[in-house]
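The following blocks contain the structures, represented as structure tokens.
Heads up, the next two complexes both have chain A, just with different partners, chain B and then chain C.
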Partner chain A sequence: MKIAIASGKGGTGKTSVAVNLALSLRDSVQILDCDADEPNVHTLLPLTQDQIQPVFTMVPEFDETKCTRSKNCSAFCPTHAIFVSDQGITFFPEICIGCGGCILSCPSQAIQEGQRQLGVLHQGMTAPGIEVVYGELDVGEPFVVPVIKAVKDQAKNSEGTVVLVDCPPGVSCPMVESVHGVDYCLLVTEPTPFGLHDLRLAVDTVRQLNIPIGVIVNRAGIGDQQVFTYCASEDIPILLEIPHSREIAELFSEGIPFTQRMPDWQSKFRELFQVIQEGIRK
Partner chain B sequence: MKELVVVSGKGGTGKTTIAAALAALVSEPVVADCDVDAPNLHLLLDPKVQDTEEFIAANVAVIDPTLCRACGACELNCRFGAIGSDFVVDPIMCEGCGVCEVSCPYNAVQMRERLSGYIYTSKTRFGPMAHALLLAGESNSGKMVARVRELARTLTETTEKELIIVDGPPGIACATIAAITGSSAGLVVTEPTVPAIHDLKRVLSLFQHFTIPVMVVINKADLNLRKSKEIESFCKEKDIPVVGQLPYDPIMYKAVVAGQTIIEYAPNHQLSTNLQNLWEKVEQQLDSISRST
Partner chain C sequence: MNTKICVTAQGPTLEAPVDDRFGRCANFIFVDSDTLEFEAIPNPGAMASGGAGIQAAQFIVDHKAKIVLTGHVGPNAYNALNAGGVEVYTGTSGTVRNAINQFQSSQLTKTSSPTAPAHTGTGRGRGRGRGGGRGRW
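What follows is the complex of A and B.
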């Protein structure tokens, strides 16, 4: 079973929910941290052993001796990453999206499939026995989606495993890639006009993917009632409210998941999980 | 013309609240919301839209079922998993590269322009504003950010203003790179938490990577004074100025609910004084940067 934890707005508490839910379930849980721009799960749940492997994207490799200067590759390239002149081929790898169209369009087999590193994949166990996988985009690289795909490829598909996917903020391609293919999506929001605005965007996006949605209201008590009114009118269940609390914020600041110090919350997260399971069966 | 980009690495640290407060403090700014994925600045600045442009930056493949013979060539060559088992293109996964079009022996694939979102030119009570909305699930936020900044620069020139305040996106990938490259300086909003410090270090190395001047403001500084000190020492070591520390105060949320900047909502509050001091320090930094370049 795969559950995504997403939000639209950043900093609403996605990672905190993912980690605390995992700690409350404990057995057979795997967390995939798909926020490869700024992965944070491992800052709350440090890996006790860390296997690191590079993540590559496909880039063309040119054999100038075979090139007949047809310029078909540069004519095809959707991002204008290839420039062919009589002097030779100039290639800009950082804007190549790795579609492989240049290889297909070359009449003289002068282009081979090569690879370029975009980031790394970390994988390992944590002290509570939860497996964590996270991607880390190399600084300066613009394309994060291939790193997210590499993280998602590590998802355990066995029957009894609960896979929690911690998503990047926003509603564009990295978030969609992270949410794609999950059984359920938890949207974490805060009860403010910012939280509501971005929750709406996230709901619109996740609905396009036909994934059932439940909402968690974090920092309940600040702000106003509009998030509640919106969820009621859209028939979206609010599964959990986490109160605005300086104590929880202070624990977070130290990198401590709050259920470790406030164990009563573990039963609330387990109840949340029961409701999600029922939501998936519907 | 100077351009200050407010970013954070980690989301939810207070970029928009601080960018809006700066817009209220600066005389005659141009503002730009470059968090096109999840824009929020308009909720505080209440822009009156003067002009809307459609943003088309990519294509999407469409397969004509009457011509398709289900040979599978498109599916074999597509590297983005966008061709469904029934040979219908999933527009969300489609990158618009056109590999399927050139692979199809039956000319059943057509590339069509896709609408990624809208770009707005607006007026606010503080000055002109450029902003945008990316449609749900669309890609190309980097290109859209570049377009919003270009529009903000044009607005700055036509209205003879001198400073653009950019509310940037979270993260360090394409949208953030598009928001900071070529700007005068970045203002990174962080908070004294373990995850935010991790993200701060990554976003600061992004500025270093592109050699763009940067300064740091610690929001919610009193939430964890020890961690705030840790940020200060880190920045000192890297020779990055910390231009302000703001207290952790739920009045921030109240101002957001009221749809106002902190400066308007609570002009006599400590937070407004801190923000005023922050702006003075930022202005000094911007001046010294422009003198040195």
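What follows is the complex of A and C.
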């Protein structure tokens, strides 16, 4: 079973929810940290052994001796990463999206598939029963999606494993790639006008992917009632409210997931999981 | 021998002001250095989501121009033009005709490096910004 933890707005508590849910279930759990621009699950759940492997993206490799200067590749390239003149070919790898269209468009088979490293994948056990996988995009690389794909490729498909996908904030390609293919999406928000604004965007996005949605209100007690009114009018269940609490914030600032010191919350997260399972069956 | 000069311009005539932007200029004016006969072509990449400078450089070499007169040129565009054997002169001002005069009287210096950072000409087109506003302090 795969559950995404997403939000429109950043800093609403996605990672906190993912980590505390994992620690409350504690058995056959895998967390995929898809925020490869800024992974942070491992700061709360350090890996006991870290297996690192490179992540590559496809880039074209040109054979100038075969090039007939048709310029088909340059004309096709959707990001204009290829420049062709009588003097030769100039390729701009950092803006290539690896679509491979240049290879197909070449009339003289002068282009082959090569690869370029974009980042790395970390994988390992943390607390007993919990595996963490996270990606790290190299500094200066503009396209994070291939790294997110590499993280998601590690998802365990076995029946008994709960896969928690900690998503990047926003509602653009990285978030869509992370949420795609999950069975359920938890949207974490805070009960403020800003929180509501970005929650609406996230709801619109996840609904287009036909994934059932439940909302978690974090820092409940601040802001206003608009998030609750909105969820009621859209028939979106609010599954959990986590209060705006100094104790939780202090624990977080020390890198301690709050369920570890407030054990009552573990049963609340387990109840949350039951409700999600029912939501998937519906 | 006649040389084809390309000037980036805000309008389609020799009296139009030079467009400071290279990749996202409104028009390319291809001018014959001897006769001043010209052809004005709207820049097909003016609204490109990315890679506008490289696309413009490709357009210019495809039209066989050997000289570019513009305001600023970014790193990707400069590298492409340089690879294509096109000389770049920046810092032009006034009209297209004025820029040609400045070039022909050797008042412009050839650029040997980019004169602007990437994406300068995108103006308000901030659609490129990925995941802005993460709200994490």
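Remarks
Here is the rule we use: the second predicted complex is superposed on the first by the 281 of 282 C-alpha atoms of A that agree within 3 Å, B and C clash if a C-alpha of one lies under 4 Å from a C-alpha of the other, contacts with A are read in each partner's own complex, and residues count from 1 in each chain.
To be clear about the criterion, contacts are C-beta pairs under 8 Å (C-beta built on N, C-alpha and C of every residue); 3 or more make two chains touch, one makes a residue touch a chain.
Source: prediction; values computed, not measured.
In the overlay built on the shared chain, the residue A:74 is in contact with chain C alone; chain B does not reach it. Contact with both chain B and chain C is seen for A:37 once the two complexes are overlaid on the shared chain. With both complexes placed on chain A, chain A has more residues touched by B than by the other of chain B and chain C. By the touch criterion stated above, A:56 is placed in contact with neither chain B nor chain C. Of the two partner chains placed by the overlay, neither chain B nor chain C lies in contact with A:230. Judged by the touch definition given at the top, the superposed model places A:142 against both chain B and chain C. Residue contacts after overlaying the shared chain place A:169 against chain B and chain C alike. In the superposition on chain A, contact of A:11 is made with both chain B and chain C. Once chain A of one complex is fitted onto chain A of the other, the partner contacts of A:88 are limited to chain C, with no touch recorded for chain B.
Taken together, the two structures place residues 9-12, 37-38, 142, 144, 168-170, 172, 174-175, 194 of chain A in contact with chain B in one case and with chain C in the other. Touching chain C in their complex are the following residues of chain A: 9-12, 37-38, 71, 74, 77, 79-88, 90, 92, 95, 142, 144, 168-170, 172, 174-175, 194.
Residues 8-13, 16, 36-38, 40, 43, 59, 77, 79-80, 92-93, 95-99, 102-103, 134, 136-142, 169-177, 191-195, 198-199, 202-203, 205-206, 209-210, 220, 223-224, 227, 248, 250, 253, 256-257, 259 of chain B are the ones touching chain A in the complex.
Only residues 45, 48, 50-52, 54-55, 57-58, 61-62, 76, 79-80, 83-85, 130-137 of chain C touch chain A when the two sit together in their complex. Chain A meets chain B in the complex at residues 8-12, 15, 35, 37-38, 40, 43-44, 58, 76, 78, 97-101, 104-105, 137, 139-144, 168-176, 180, 192-194, 197-198, 201, 204-205, 208-209, 219, 222-224, 244, 246, 249-250, 252-255.
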